[in-house]
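Following this line, the structures themselves.
Below are two complexes that have chain A in common, paired first with chain B and then with chain C.
For the complex of A and B:
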C-alpha cells in the first residue's frame, strides 16, 4: 500500500493548465490579476522596467518588435510566443518580460554575428492575466518596447503529475531540426532541450516541500566561432524548452552549450543541411 | 491546507462533522443534499441487476452543477455496496450517498477512485464517514499528492469550501490487477499504463459482464488527453481484449456497446496522433497545429472547441521527441 510517500519529493513538472482536465473548471470569475486597471498595469511595468533597464528610456515601437501570443492560453504552462523583428540587422538583443509572473524577466537573447533575429519563438509559462513586454536593444544602444495582454493562470505552479525523476529523465538531451537551406539565405532551426525547468513553485502536498527551482539559465548557440545567440533564462521558460530561430550558415556545425542554475552543463553539436538550389 | 487532505485511515475519524452532516445523519429531509437546479434532471438508472448509474452533464464544472459532470454510480452486492465513481464534489458525492440509501440499507464498503481528475474523486469525501476501502491505481497517491490541492483550490473558487470537500487518498492500491468479492459478484480491476491520465483504473463486474473503463472511454464528449496519447491508443486496444460487450463510459450515455464506442474513441485519438505527427514533420509550429489538427472530428464531439487545442498541445509535446 502506498499510503503516504515518506520524504520523496514528488514530481511536479508542469503541464497542467486552466483547461487541462476532463472536467476542468472554467477560469475563476476573478482570476488573480484579472481585475487590475490599465494604470495599475502600467505602474507595475514602470517598476519592472526600471529594475531591469535602470533609467534608460524605452520608446514604444510598432515595427521593431512585435509579440504574437494567444489572447487566451490553451495551456498556461506552455504558451507559445513569437517575436518578430523584421529589421533584423538593427537588433542587438531582445528581452521578454511577463509582468505578473513571480519572476517577470523570462528571457534575454543577445544576438551575435551569425544570427538573423527576424523571428524568434519560445514557449513560456504564464501564471496570471498579464501584460507581456518585449524590449529590443538596437545596434545604436536604444531600447524599444512592444506589449501584448495574455489571459492564463497557474502556469508556474501547475503540477504535472510525474515524479521529479521522470521529469528529469534524459536531462540535457538536445535535438535540432533544420528547415531547408537555400544558398545565401538564413536557415531556420528549432532547438529542443530536455529539461524540466522546475519553477520552484510546484509543491508536493504530502511532504509540503517545493521542488527546488532548477532551470536553464544560460544557453549559447554558435556557428564555429561566431555566436548566433546567448539566452539568459529563468523559471518562466516552459519545461523541455524549444526555441525556434534563424542563423546565417557558413558550413560549420552549430554548437549548443547549456547550463542550469544547479550546475548542470551540456554541449551538443549539430550539422546543418547543405544548401540546395 | 493540511486540514483538508484527509487520509482516511489517519484523520477521518477525528474530523468534526459539519452541520450539514449532522442534519443529514438525523434524516432531516429538508436538508438532503442537493445539487441545485441541475439536480432535478438527475436520476439513477438501473443498468443491470444491482447496478445504478447517473449520467453526468456534458458540460464543465459550474457553481450550479456542482461538478456533477461524470457518470457515477454504485454496485449492490450481497455483502455491501461498491461505489464505482464517487462524483465531482462533496455535494455530488452526498447526492450519490443519499441515492444509495434510498435503494439499500447495506453499508458502503468500497469506493473506487478511477483516476486523479477532480470530477472523479471529490465525491469521495461524502463516503469517508462510512470508512470504506478507497481503491485506486498504484500511481494515484502520487498524482493526488502532486495535484489534489491544486484541484481543490480551483473547485473551492467555484463551489465554495462547504460543497468541495477534502482530497481523499486510496487505502488500497492496484499495481496490475486486483479483485473485490461482494459475495454474489466479483469486481476485477486493471491498472492501466499512462493513457487518459497516469492513474487510470478500469473494472469489470462478474455479475453482468459490464465494463467500467471510466475515462479511458469517452462517448459524445471529446476525450481529454492528460497522460499519454500513444499509451491511450494502446490501452484502448487492451480494453477491447477484455471481452466485455457493454460498458459504462466515464462521460456520455450510462451504457454503450463497447466495440463501436471504442472505435469512435480510437478514431479521434488516431486523428490527433497522425495529425500532430504530420504537423511536427512539416515543421508546423504548435500554435498553428492547435487550429488545424483533428479538425475533421469536430462535428463528432461535444466541447470540441474547448478541448481539442489543448489536446493537440499535450500530444505535440509527447510526439515531438519521438
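For the complex of A and C:
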C-alpha cells in the first residue's frame, strides 16, 4: 500500500515539474486543438478506434483510467507505462493503444474475479512521438478513453544489442516478486518473463536479416481457479516483459500460463506470502 | 557485387566479434569517412563530416526553410518493415513523420543500389532542383543512419554544390519542430522494385 502512495507522490512531483516548465525551457507550443498535426492525430485515433471497437461509443474519462508515462522516454524500446484505475470494481478490461506505432494495438488486459485492477504497469516500445490511448470497458459494457502524449522514437526497430540466440536464452523463464501481504487486502505482484518479444522490425546488424516477429500473444495469471487477468499481447510490448498488477489472494498459488506466436508454451506457479500484521 | 557484399559482411562480423571496444565505428566520435559509399550495416555511428557537403543541424535547417532560397528536402529513411509473420487481419498502420515538405525516397542511400533505382534518384533530384546543381539540397533520414550520408555523397559526386547533410534527421527535427506524415514520393514508388534483404 505504501507503494501506491509513493507513486502518487512521484506522479504529483512530475506533474508539478511539468507545470513549472514555462519560459525559455517550455516545450514547443502545440496550438490548442488547431494545428494540422493535432487534427491528423485525432483523425488517426478515429480510424484506429473504429478498427478495434467498431461503432461502439467511447466517452472520454479523467477518473476511470489514467495513463502515466514519461513525457520524454529515455529508451524508446523500454517505455514504462502505468495505468491507474481507481474504481477497480467497475473495470472489466483495459486496452492500450500506441497510436503512431505501426502495430498500434499494444495490449489488452481482461480482468477476472481475482483481480484488483487499480494499478497496472508494463513496458512498451514506442516508434514515433505519439498519442497513447487507454480504453477501459466497465462492467456494464461501456467504453471510456484517456490519452497521453509521449516523446520517443525508434523503439520498434531498435536492435537488442546481442545475437538472437543470446536474446532467446532461457526463453519462457519467469520470476514473480510479491509485495508484503496484509489480511484482507489485495497483494501487489511483479511478473518478469524472459522472452525477447522480437518485433519483426529489428534488423540483425551483422547478418542484415530481419529477425522474425516472436512475441508473447497470450498470458494468463490465475489464483487457484479464479482468473486475475488475461493479456493479449503484441510486438509493441518490450523485450523481457515485466507486468505489475494486484490480485486478491485466497491462499492458493498463482499460476501463470504464457504462449507466443511461434507456438511456445510455458507454465509456472508461484506461492504468494502469507498475510502478516 | 555479391563478392563486395560478402566482404562487407565478413568485415562487419570481424568488427562485431573481435574489436568491440577499440573499433572507431563503435564510438560516436572519430568515425572516418569511407573512401566511397558506405556498404556496412545501415544503422550505426556516422562520420561528423561529408566532403563536398555542409553538415547542418535542425536550427540551420529551419533557417534555410524560412529563407528566400527554399531548399529541396530529401528524406531517404527506410519505411517500417511489416514482419513477414505478422498476423493476418491485425491492425498494421505505419506512419512516417518527417520534415514538412520533404520528398520521401526510401532507401535511396542503400549501397549497393540497383542501377535503375540510382538513375531514378538522380532524375528525381534533377527534376526537384530544376536542374540547378547549385540549388540547396538537404538530405536526411534518421539519427545514426548511413542512408542519408550515402545519398548526400551520391549527389556530391554527381556535381551538386549545395548539398547539406542533416545527420540527426527526423529525430533532430522533431525535438523542436512540427512534423508532417509523408507518403512515398509517387515517382519513386512507381519505379519501385523489391530490394534484396530489405
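By our rule, the second predicted complex is superposed on the first by the 237 of 277 C-alpha atoms of A that agree within 3 Å, B and C clash if a C-alpha of one lies under 4 Å from a C-alpha of the other, contacts with A are read in each partner's own complex, and residues count from 1 in each chain.
The rule is short, and it goes like this: contacts are C-beta pairs under 8 Å (C-beta built on N, C-alpha and C of every residue); 3 or more make two chains touch, one makes a residue touch a chain.
What you see is a predicted model; the values in this text were computed from it and never measured.
In the superposition on chain A, A:90 makes contact with neither chain B nor chain C. In the superposed pair of complexes, A:244 makes contact with chain B only, with no contact to chain C.
By the touch criterion defined above, A:70 reaches chain B but does not reach chain C. When the shared chain is aligned, chain C comes close enough to touch A:103, but chain B does not. By the touch criterion defined above, A:259 reaches neither chain B nor chain C. Of the two partners chain B and chain C, more chain A residues are in touch with B. Once chain A of one complex is fitted onto chain A of the other, the partner contacts of A:157 extend to both chain B and chain C. Residue overlap on chain A between its contacts with chain B in one complex and with chain C in the other: 28, 154, 157, 159, 203, 205-206, 208.
Looking at the complex, you find that chain A touches chain C at residues 28, 35-37, 40, 44, 47-48, 51-52, 100, 102-105, 127-129, 151, 153-154, 156-157, 159, 199-201, 203, 205-210, 212-213, 234-235, 261. Residue ranges of chain A in contact with chain B, taken from their complex: 1-5, 10-12, 15-17, 19-26, 28, 68, 70, 74-75, 78, 80, 82, 121, 123, 154, 157-163, 175, 177, 179, 188, 190, 192, 194, 202-206, 208, 240, 242, 244.
Contacts from chain B toward chain A in the complex involve residues 2, 5, 7, 9, 60-62, 67, 69-70, 88, 116-120, 138, 141-143, 145-151, 154-155, 157-158, 167, 169, 171-173, 196-198, 215, 218, 221, 223-224, 226, 250-251, 283, 285-287, 290, 306-307, 309-310, 313-314, 317, 320-321.
Taken together, the chain C residues at the contact with chain A in this complex read 9, 12-13, 16, 41-44, 80-87, 90-95, 97, 142, 170-171, 174, 176-181, 197.
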